[in-house]
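In what follows, chain A forms one complex with chain B and a second complex with chain C.
On to the complex of A and B.
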């Protein structure tokens, strides 16, 4: 298939997947919409759908809102990191689903450093975020080494670790770390010099972490597509025996992919914590890990597309949450839409018939061109 | 304090039941070459519809049937994406789990008009407990084995039935052959697609029963994330049980033991956050021990073969 047709197919396929997801969304909204009769329900649903699709960027009167835009951009920060983490782990065919617990642990460790460690100036900020990343990288050694050395499923282990992380943080918070002067369970406030400065001062919590995220995206892309180790990771995913027979250390690559993924998830947790909050107060797993998987699937496991995919998911999340406040459709609809998009994007055979047609057509065109050349 | 009372052993069996159903689903799935990580999500959805079905109809049996039907439907949906549209089965399962976690809450809010749990199951809608006449009067054993939910007895019966299905029926042979080598099975005229749908479908029904147990016996209604990883633990139990029904059952009982012990310990006033992760830690440890053991056996086999 020619490059033009290949791009055309990818685009059409993506648009079709999104259209189906929107259709599902509309049906769900319609079912949950208030209204006495069909017409009333329909107009309410359309209003709700409009709320979901338009309100993340525009004000009620239709004018563009830069504050709303910065809220959407701020929402991309955590899922950009979990998305990158998942990209790298999935590229090596390591179905480690630990980004969910990873971002929570990273946020927690960063918060502890930010509260307790007395370091001068911005050094504290850097050390805190790195500590979050390193802590999770170390934890990810557990599923990684067990997979590489004993062949134990990294998937089951990483899922189990998510729960262990959640409960142990809960225990540490309740027993030792909570600020007892407050009614809710939270840590003492972070030191002033730990906070990541805001990019725009409009209360949207869009911090410099966003820029850091974009830089990390480029670094990850460079690592995956321009270095030997990145190549090893991608090849392990595509053809593990090939990597083995060509003399690369598969076990090491399997471990590296998961440790790097863990580092990114933990690092992202730290950035999110210091950019958005001034105390740690997460009680349950935040869900960013799961959204990160969707981001990685949308990006086709290529880091460079992660910001775009994260932007899309953040927009959708924001849309759903606005819809739930203004149009009374439960915000959890996002998880169903997300699942639909996710499934269709990951489906190899989705629109395969159409792809076949395109292949045949470009082959015929090529042949026609050849014959024309031959007649001359 | 003596914790090893008859009550304690009774609770092990009760706690192991939902894990057992999911484990059997995982065992049949793996035999057919399908790693179904969507069991967790299927259990969530079935738990929801089980409790709703019982409430709507006023009959626990209808609730159970609805839970099984929903489990089947979700499994077939997974099959459609995984087999027809060639989506990676792990990603398909992850999507089902997303729906099971957030999507169920969405449905509850829509159906009940805003509530985020269903405390719909009253005593009469609960899956009935059964006292076995002769067994009940035996001391100790009676108190441990009698008086369980109907589903618990079914679950243990299913261990045997699963073994019969896999090893004593033509369908079981087909399932195993498709799991072992789909191309070879296909070459002798087995419809691989059909067998795969049947395999994942049976798993869905079993997981559905596990879900029904959660919301219609273990708890009196549905709440978010109530399955709490049991579907994932079942995958571990499957591999610890060496992929066999009986082994899976023993592994499920080990998890039941771990959790029952946790509940006992937390009753002494220990922070529940310290006790709650025990089953998950036990899962990891158990997988490691199993893998080490497996490796040692292999080494031994090579050693004797070389002699």
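On to the complex of A and C.
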């Protein structure tokens, strides 16, 4: 299929998926909406849907809200990193689901460095975040090496690892690290020079971490499409026997992809921690890893589309949470709506018939062009 | 009741991609006979049988089962007409027991819900005794030997009411004893009125067990014969033959130093079958050594040994005096060994990657294509464009997905990569299988050109034309051994080749030993 048709198809497919998802969402909202009669329910539902779609950007009076926008942007930071991590691991056909535990462990390790290690100036910030990344990279060696050397399923391993990480952190916090002067389980406050400065001072917690995220996105793209390692990772994902036959080291690639993914997740955890909080207080898995998988799938495993996909997910999350507070739609409904949108996007067969038509037309055009060229 | 169990009349099959697999084939099988269907790989045997089992529909022609015109639209219909198929690669669920496999899809139930396992075992044992095909009903399929798996497959077809059984190369995976058992069982079933179609290209088996045979060549029928009326020589002449002879112009070979040295290589596969037996040969700079033979006689195993996909149980292999057994593909490529793989879609390319990405797979870490940590995209583009031009790959651009190219152009990309990395030894395994004439001619010319420039070429091909025209000297493999060696291919005839390929004749050890050039 030609590039033009390919883009056209992607666009039409995206819009169609969104339209159907919104329709389903509307029906769900309508079913659960408050109201005495049909008309009232309908107007409440429309108000709720409007809330979901426009409130992440606009104020009540309809004017543009830069604060709302920065909240949405701040929401992209952690899922950009988990999205990138998942992109790289999935590109190599490694279905490692460890970004979830990874971002939690990264945040935790970063927090410990930020609390206890006395380092001068911004050096502490840099070291803390890197420590988070390296810690998770090392942990990801477990599923990666087991997969590469023994063929153990990385999916099962990394999934279980998430819970190991969560309970291990819980144990360490409760037993040794909690600030005993506080009523809830949290660490002592971070040192002042560990904090990542805010990009805008409006309480939205949009830190410079966002810019770092965008830079990492570009670096990841270069890594994947402009280096031999990224090339090896992508080819392994496309056809592993081909990579082996070509003389590349498949085991090393399998390990590299997962370790790098772990590093990105941990690094993102550190950025999120130092950009948004001043103590560590996560008790459960944050969910950013799961959203990161969605982001990676939406981005088609291409790092360059990760910010867009992250923005979409963050916007959706923000819109839904505003809808649930302002428009009286049950919070559970939010997850359902998100799931519907995601399913339609991820379904390979969605509009496959239309795609086939485009392919056929493309092929016919090419043939016609070739014959024309041949006649000259 | 018709005398014939099956009559296929004037069957023609054209696949959507334009391949004519069968052309005007007449095929008939009498009730209660064992009928051999013979032919080389690609002769159209599988297609014909797929149509009989309802997996494919004929483009034109008529099929009669027991005298009745029948539309075999699916395997379900074929089974209901009493046709059963025993596939070469068993269609069994390894983690289930024999009894469970036996009743799969038609399981007896208790009160309609729970599977009645006891009854499944009873059915299995009943059929096993009735047809004298002993199997262990409670054993898991993954734990039983290959011979028993085959019995399970046959019983499975019988349980489903098959009267006509298609056996697709049933002896390919069996040991000699298991083959004897199978033949005894088939003869017994034949007495009970069952009809068999026996697909094979092993002559001695055909002579041993079949009543009549149909020989296919190039998609056409070469006729139906009574087994007792034909000699192995006649069969081999009918089966093996060349349709068109493309003459290759090539200079006299002037072989020099030994490059590849294979001595006494032996390999026993996972089922305990000896696939390579004392294989020894030498290949020298500047010559093309061909390996001919019917597929499945050890060629695949030999290539696996040479390119590190498998390791021999005994023997030595060296390239330019250095051992290569135990090396992985990266180390082999560092020794400048190239392979044009038989399965190009599995090993040769990544179909969803671009042409360019496929061209650099063996050299992505090279100095020329990297600038520090980053790819040197300029150099990569230049190299790709050069190769696409030199190998006349018909495409829109280097960034087109390779999977969208025709087979011939895909193969040109593969050879462009394999031939351009300064090889000392090229292993070309079926280099032109299934590709168009233009690409075939191009690749053959290239192989001759490279060999004349001092590269050692090992050519493995099931295409007689190809091995005879391209090779300077030629080996024939049969039953995992080198059956013959011919120093000069020009004095060879198809008939003589056929005799060695089908195991009718075998050279003396001294004659074969000449290929070691000692």
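Operating definition for what follows: the second predicted complex is superposed on the first by the 357 of 376 C-alpha atoms of A that agree within 3 Å, B and C clash if a C-alpha of one lies under 4 Å from a C-alpha of the other, contacts with A are read in each partner's own complex, and residues count from 1 in each chain.
Keep this in mind: a contact is a pair of C-beta atoms (placed from the backbone, for glycine too) under 8 Å apart; a residue touches a chain by one contact, two chains touch by 3 or more.
In this text the structure is predicted, and so the values were computed from the model without any measurement.
A.B. asks: Under the stated touch criterion, which partner chain does A:60 make contact with: chain B (first), chain C (second), both, or neither?
C.D. replies: So A:60 meets neither chain B nor chain C here.
A.B. asks: Determine, under the contact definition given at the top, whether A:242 touches first (chain B), second (chain C), both, or neither.
C.D. replies: After superposing on A, A:242 lies in contact with chain C but is clear of chain B.
A.B. asks: Scan A:118 for contacts with chain B and chain C and give back first, second, both or neither.
C.D. replies: The answer is neither, since A:118 touches no partner chain.
A.B. asks: Which holds for A:339: it touches chain B only (first), chain C only (second), both, or neither?
C.D. replies: After superposing on A, A:339 lies in contact with chain B but is clear of chain C.
A.B. asks: Does chain B (first) or chain C (second) touch A:232, or do both, or does neither?
C.D. replies: In the superposition, A:232 touches chain C alone.
A.B. asks: Which chain, chain B or chain C, ends up touching more residues of chain A in the combined arrangement?
C.D. replies: Touched residues of chain A are more numerous for B.
A.B. asks: May I ask you to decide whether A:222 touches chain B, chain C, both, or neither, giving the answer as first, second, both or neither?
C.D. replies: Only chain C; A:222 stays clear of chain B.
A.B. asks: So which positions on chain A get touched by both chain B and chain C?
C.D. replies: none
A.B. asks: Tell me, which parts of chain A touch chain B in their complex?
C.D. replies: It is residues 28, 31-32, 95, 97, 142, 146, 150-153, 155-157, 159-161, 163-164, 167-168, 170-171, 174-175, 287, 290, 293, 297, 330, 332-336, 338-340, 342-344, 346-350 of chain A that touch chain B.
A.B. asks: In the complex, go through chain B and note every residue touching chain A.
C.D. replies: Listed in rising order, the residues of chain B that touch chain A are 37, 81, 84-88, 90-92, 94-96, 98-99, 101-103, 105-106, 109-110, 228-229, 232-233, 235-236, 239, 271, 273-274, 276-277, 280-281, 283-284, 287-288, 291-292, 295.
A.B. asks: Given the complex with chain C, which residues does chain A contribute to the contact?
C.D. replies: Residues 222, 226-228, 231-232, 234-235, 238-239, 241-249, 366 of chain A touch chain C in their complex.
A.B. asks: What residues on chain C touch chain A, complex-wise?
C.D. replies: Touch residues, chain C against chain A: 307, 328-334, 339, 341, 346-353, 357, 360-362, 364-365, 370, 373-375, 377, 396.
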